[in-house]
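Below is one structure; the comments refer to it alone.
Should a chain be cited, it is by its letter among A, B, C, D and E, assigned in written order, with residues numbered from 1 in that chain.
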Amino acid sequence: MAELPAVPLTLEGAYVLHQMFRVRRAAWRALDESTREHVAEEAALVLHGMEQQRSPNGHPNQSAVYSEIGHKSDLLVLHFRDSLEQVHCAELALARLEVFDYLEPVHSYLSIVELGLYDSTIKTYGQLCEQAIEAHSPEWNAGVAEVIARQSTAMEPRLYPEIPAAKYLCFYPMDRKRGEGKNWYQLPLAERQRMMHEHGLIGRRYADSVRQIITGSIGFDDWEWGVDLFADEPMVFKKLIYEMRFDEVSAVYALFGAFYVGLRVSATGLGRLLSGEL
Amino acid sequence: MAELPAVPLTLEGAYVLHQMFRVRRAAWRALDESTREHVAEEAALVLHGMEQQRSPNGHPNQSAVYSEIGHKSDLLVLHFRDSLEQVHCAELALARLEVFDYLEPVHSYLSIVELGLYDSTIKTYGQLCEQAIEAHSPEWNAGVAEVIARQSTAMEPRLYPEIPAAKYLCFYPMDRKRGEGKNWYQLPLAERQRMMHEHGLIGRRYADSVRQIITGSIGFDDWEWGVDLFADEPMVFKKLIYEMRFDEVSAVYALFGAFYVGLRVSATGLGRLLSGEL
Amino acid sequence: MAELPAVPLTLEGAYVLHQMFRVRRAAWRALDESTREHVAEEAALVLHGMEQQRSPNGHPNQSAVYSEIGHKSDLLVLHFRDSLEQVHCAELALARLEVFDYLEPVHSYLSIVELGLYDSTIKTYGQLCEQAIEAHSPEWNAGVAEVIARQSTAMEPRLYPEIPAAKYLCFYPMDRKRGEGKNWYQLPLAERQRMMHEHGLIGRRYADSVRQIITGSIGFDDWEWGVDLFADEPMVFKKLIYEMRFDEVSAVYALFGAFYVGLRVSATGLGRLLSGEL
Amino acid sequence: MAELPAVPLTLEGAYVLHQMFRVRRAAWRALDESTREHVAEEAALVLHGMEQQRSPNGHPNQSAVYSEIGHKSDLLVLHFRDSLEQVHCAELALARLEVFDYLEPVHSYLSIVELGLYDSTIKTYGQLCEQAIEAHSPEWNAGVAEVIARQSTAMEPRLYPEIPAAKYLCFYPMDRKRGEGKNWYQLPLAERQRMMHEHGLIGRRYADSVRQIITGSIGFDDWEWGVDLFADEPMVFKKLIYEMRFDEVSAVYALFGAFYVGLRVSATGLGRLLSGEL
Amino acid sequence: MAELPAVPLTLEGAYVLHQMFRVRRAAWRALDESTREHVAEEAALVLHGMEQQRSPNGHPNQSAVYSEIGHKSDLLVLHFRDSLEQVHCAELALARLEVFDYLEPVHSYLSIVELGLYDSTIKTYGQLCEQAIEAHSPEWNAGVAEVIARQSTAMEPRLYPEIPAAKYLCFYPMDRKRGEGKNWYQLPLAERQRMMHEHGLIGRRYADSVRQIITGSIGFDDWEWGVDLFADEPMVFKKLIYEMRFDEVSAVYALFGAFYVGLRVSATGLGRLLSGEL
């Protein structure tokens, strides 16, 4: 039997943009109160609309605002949209607001909701190989496309999710290691599938208390994946990630970027937040 | 006997935020004296309240101010609180002060008081295994929860500590190495327990002259742990950390971030400090 | 037979400069409308001319404008020119525009269109060696120069390309690894040729949906190559680069810099873009 | 015989702070001449006092000013003091000066004069072991304390040195490598002693032309040691450090930070220096 | 025969400072035309003098101005001087100019012209060893000094060079690797000599089209060497450096910093350049 292709099948859904801002508090404070009110109302109106938006095909196309902890950022705005252009339009819509003069963009992350199908990949590639279908041949591509289409329909709510209403958000980007000795991208597909399966078991034990959305960012941003964790009790971020760190795929192959932690605030609370009140 | 789970039990206590600020001295100096006095008094009042605060359940929920040495930061404000939301409220309370216009946030660190229970972990996991209880089964979880609850009660004063009154503070973050050859997260639990035990013996020899508070920051900030050392004689920072560097767990597995060293100042001295006087 | 020289033959074409700018939106917004119009028109005129430019010898010498996603940059201007001096003149022409006061240069990348001729190299070096011609002798150099000249003529449209009209651009720089164990520059020529060939097969499968331009930047900028991908459907950036990451040459030897993703905008739309409208 | 403890004995002396500033030349130039004179005189008076200071116990407690070469910093102020608090007071004394509005703190380094006693350590530990005294027992600690006390007295002039009057200063921080294969902190004490001895022989050959002061910064700043070289002929910095780089302890185990090179200027020349004249 | 010392002999010549500036174009443009003219003329006069300067002993002590490509810097000023103090005086002379208010120092590099004498070193050390002269003995030092003196005289024009009049400059710093497995500073002298010899052969093949000046910066700046390439046709920068990258000493042991590429402009053209015209 020919060697299976190395690339696992993935499903993609909503494009996602994280925008992190520092608030220019001194400049904001220097405004007179009625200007602050007016500017905050304009922003709240636009963001409130984004909180509840749906695309014509019924997908949630929402944005959400978080008050961030620590110096790395004061405000995180999270956008889920059906297309990259719509994500960019959301970004520009914020840039047009007067409140933008009091927000300094200090970080961002562009990615797309991704579901990795390691189990389906093994099964699909195996069946195609058994039928002696050559990889990347039209028959192969058709077989793969059929799986992708079927699974995309089945998984639609997870591919185009509502932004969970949880009180806390933890976001961080990550890579898989490509070291001189340990290289994720050189492991056989089956070995990666095994490790991802074990990794998934940990996540499942935390499913009641934390909602996880994985987004892929290869070709879009500087790390390979972004991870968003949503929870009402933030201790679970530490417990889940610490437990995963001992898992083989994380222990050996995970590289982590900066962590951003914040509290959900409603668009209508933006003005108060700029003045330092939750 | 089944292999023991890799993850050591930990106790968590107060959430901790370190805020590091650069003082905008030229802008502060440019204020007239009465404005400086007024602004400093407002800040001193709020910070003085935070120095002495207790939570409804009697835990110290204190903040403390340090005058930092070197260009990395001029002022460090340290907050211990019962919840992440309260930590964020403390942060926002400072942001609302007029004095905040003269403070540039240059760094911060978010973490939670953590006590690692390597010895209890070995004992507890071992007993559960002897009873043929499967890891992560309801019985297992109940057994673990009972240990955590019991120890949390016993350790409450260390989990929700007063901020030590020592004259000097040394803060730094750290990671455990996950190299291609040397990987802390792949070591057997018993080997990690042995190394942490030896590590602890060094700390114990310095117990009279330095108070150490370890906080965990996996899922909260960019390093895995934060270390705060409190001492009246700062030489002990060097002696303790140098001796530990030869210890196996530090020599091989510790990665260190930036070090912040400062002198405790009282909230009422803040105005003088902004003008460059201790 | 003597060992073949290690250096593969390459063809060079147009010099390329990527300029990334942050828009100073508050300052732009603070201008009165007629000034904004006037400034935008002056810039649009110059950039519009650059969009359509040809060199005296008929090569496209074009520039193109992209609206970038995320905080890394708001505006990317891409220049292809026949000479390094002309690239610099294009850069200075932008610096002379009034609109430049509202653009902060935050990144750039200088490189030159490069076609690597691994297959021709093996063939040419082999033939010269069979004739017992010594490497770097005048005969050798003449033989090599003849191949370069012939191929440069044949490849002229790829060496001096039009900027593809695609809606999306993805740019990133990359290096080949020179690790202590894995070192691209120490591999035999034939092994590198084999890996580059396999790498090329992946690109070919995506040829209908993505146009790729490779530029070399050794001696010109901080990475060894720059990659520009042009596509109408941005998902292909992720699919192509993810698939390539499993390819031996990328999995083991590729190091990647920051990724920049944007949407093509016409020069005449620049004024609207500065005001936050596509 | 039991294994000797790994930690070498060290003597500590004066606390040392390096402060590096960028001069805000445009703002300085914008002052009228009489203000510049007045501001420079105030600063010169304070710094001149610091140049000649002694502590009550007769130690030099001096500061010195250097005009730095290159963009990394324009001005370096070096402080030696008997205590960390005095170092901080010197730092604050500068921050109170009007001239501070024209100095931007861009770097600093906090450390303490350190003499490593590898030879005495081997001898002392050996003698205590021969007497079957257990490491860290009261007898052991007393034996060690006696050596430290005796040597500290003998070495007092080197522990609390005058700032050498040499024309040039070269400062850089360094670490000892803790790699996966090569790890200084895992070497036996005797092997480290041997390498440090050989290292010292090189320094001794340069003793006539360069004065070296080693300061320890574990627990105080981001590297483990700081090195100050003082010489009248700056070529010796290159010659000495280049020769040492081939030495085993440097070749294998030394990691270097940024280098700062400057020329000594007197406090009374500060005003001229701010205006760009030596 | 005793082992030869590891340190190769080097000759040193002129001190060299590279200064890289960003032009504050908005502030420059905001000046009225006559002020711009006046400020540019003052700067041109000083820089023009530096272009043609000679030291009392007849060495060229020149400066040159380059218009840089890309965002890293707009203007590079290169100084060659007989002493470090003179280099610093040149730097301060620029800082005193009014035009300095429109130049932001963003990078610099301090080094000294260096000729590595690997071949002479092997020969000299060998002869001294054959005479059973002990390394670093007075006889040894005298023998070495005699070689250095003789070669310094012979090489004087290369040690104190004119700044080549070529149209393009490429500057980059570099280190020799000190990895855990591959460590330049642990190789035997003869092996280093062999590799440097092969490396030199490549450079010689490019001697007609590119002039190379190597400067040493150990003890002076953050990398070990700086490389300046001067050429009238910039493609040679890419060709030469790419070919060298396959050379053993570069492939395995070279680490490269940032690359700066610019076009030579005359001092009298400075005013036009600040306004964006070559």
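One rule holds for everything that comes next: contacts are C-beta pairs under 8 Å (C-beta built on N, C-alpha and C of every residue); 3 or more make two chains touch, one makes a residue touch a chain.
Keep in mind it's a predicted model, so treat the numbers as computed, not measured.
When the partners of chain C are compared with those of chain E, no chain appears in both lists. Looking at which positions face the partner, chain D and chain E present mostly different ones, since fewer than half of the interface numbers are shared.
One simple way to say how far apart two chains are is to compare their mean CA positions; for chain B and chain D this gives 29 Å.
Averaged Cα coordinates give chain B a centre that lies 47 Å from the centre of chain C. Touching two or more other chains at once are residues 180-181 of chain A. Shown here, the protein chains touch around one cycle, each chain meeting exactly two partners. Order of chains around the touching ring, counted from chain A in the direction of chain C, is A, C, E, D, B.
Residues of chain C touching chain A in their complex: 25-26, 29, 67, 69-72, 168, 170, 179-182, 205, 229, 234-235, 237-243, 245-246, 248, 250-252, 254, 258-259, 261, 263, 275-278. Looking at the complex, you find that chain D touches chain B at residues 6-7, 10, 12, 17, 19-20, 84-85, 87-89, 91-93, 95-96, 100-101, 105-110, 112, 136, 178, 180-181, 183, 185-186, 216-222.
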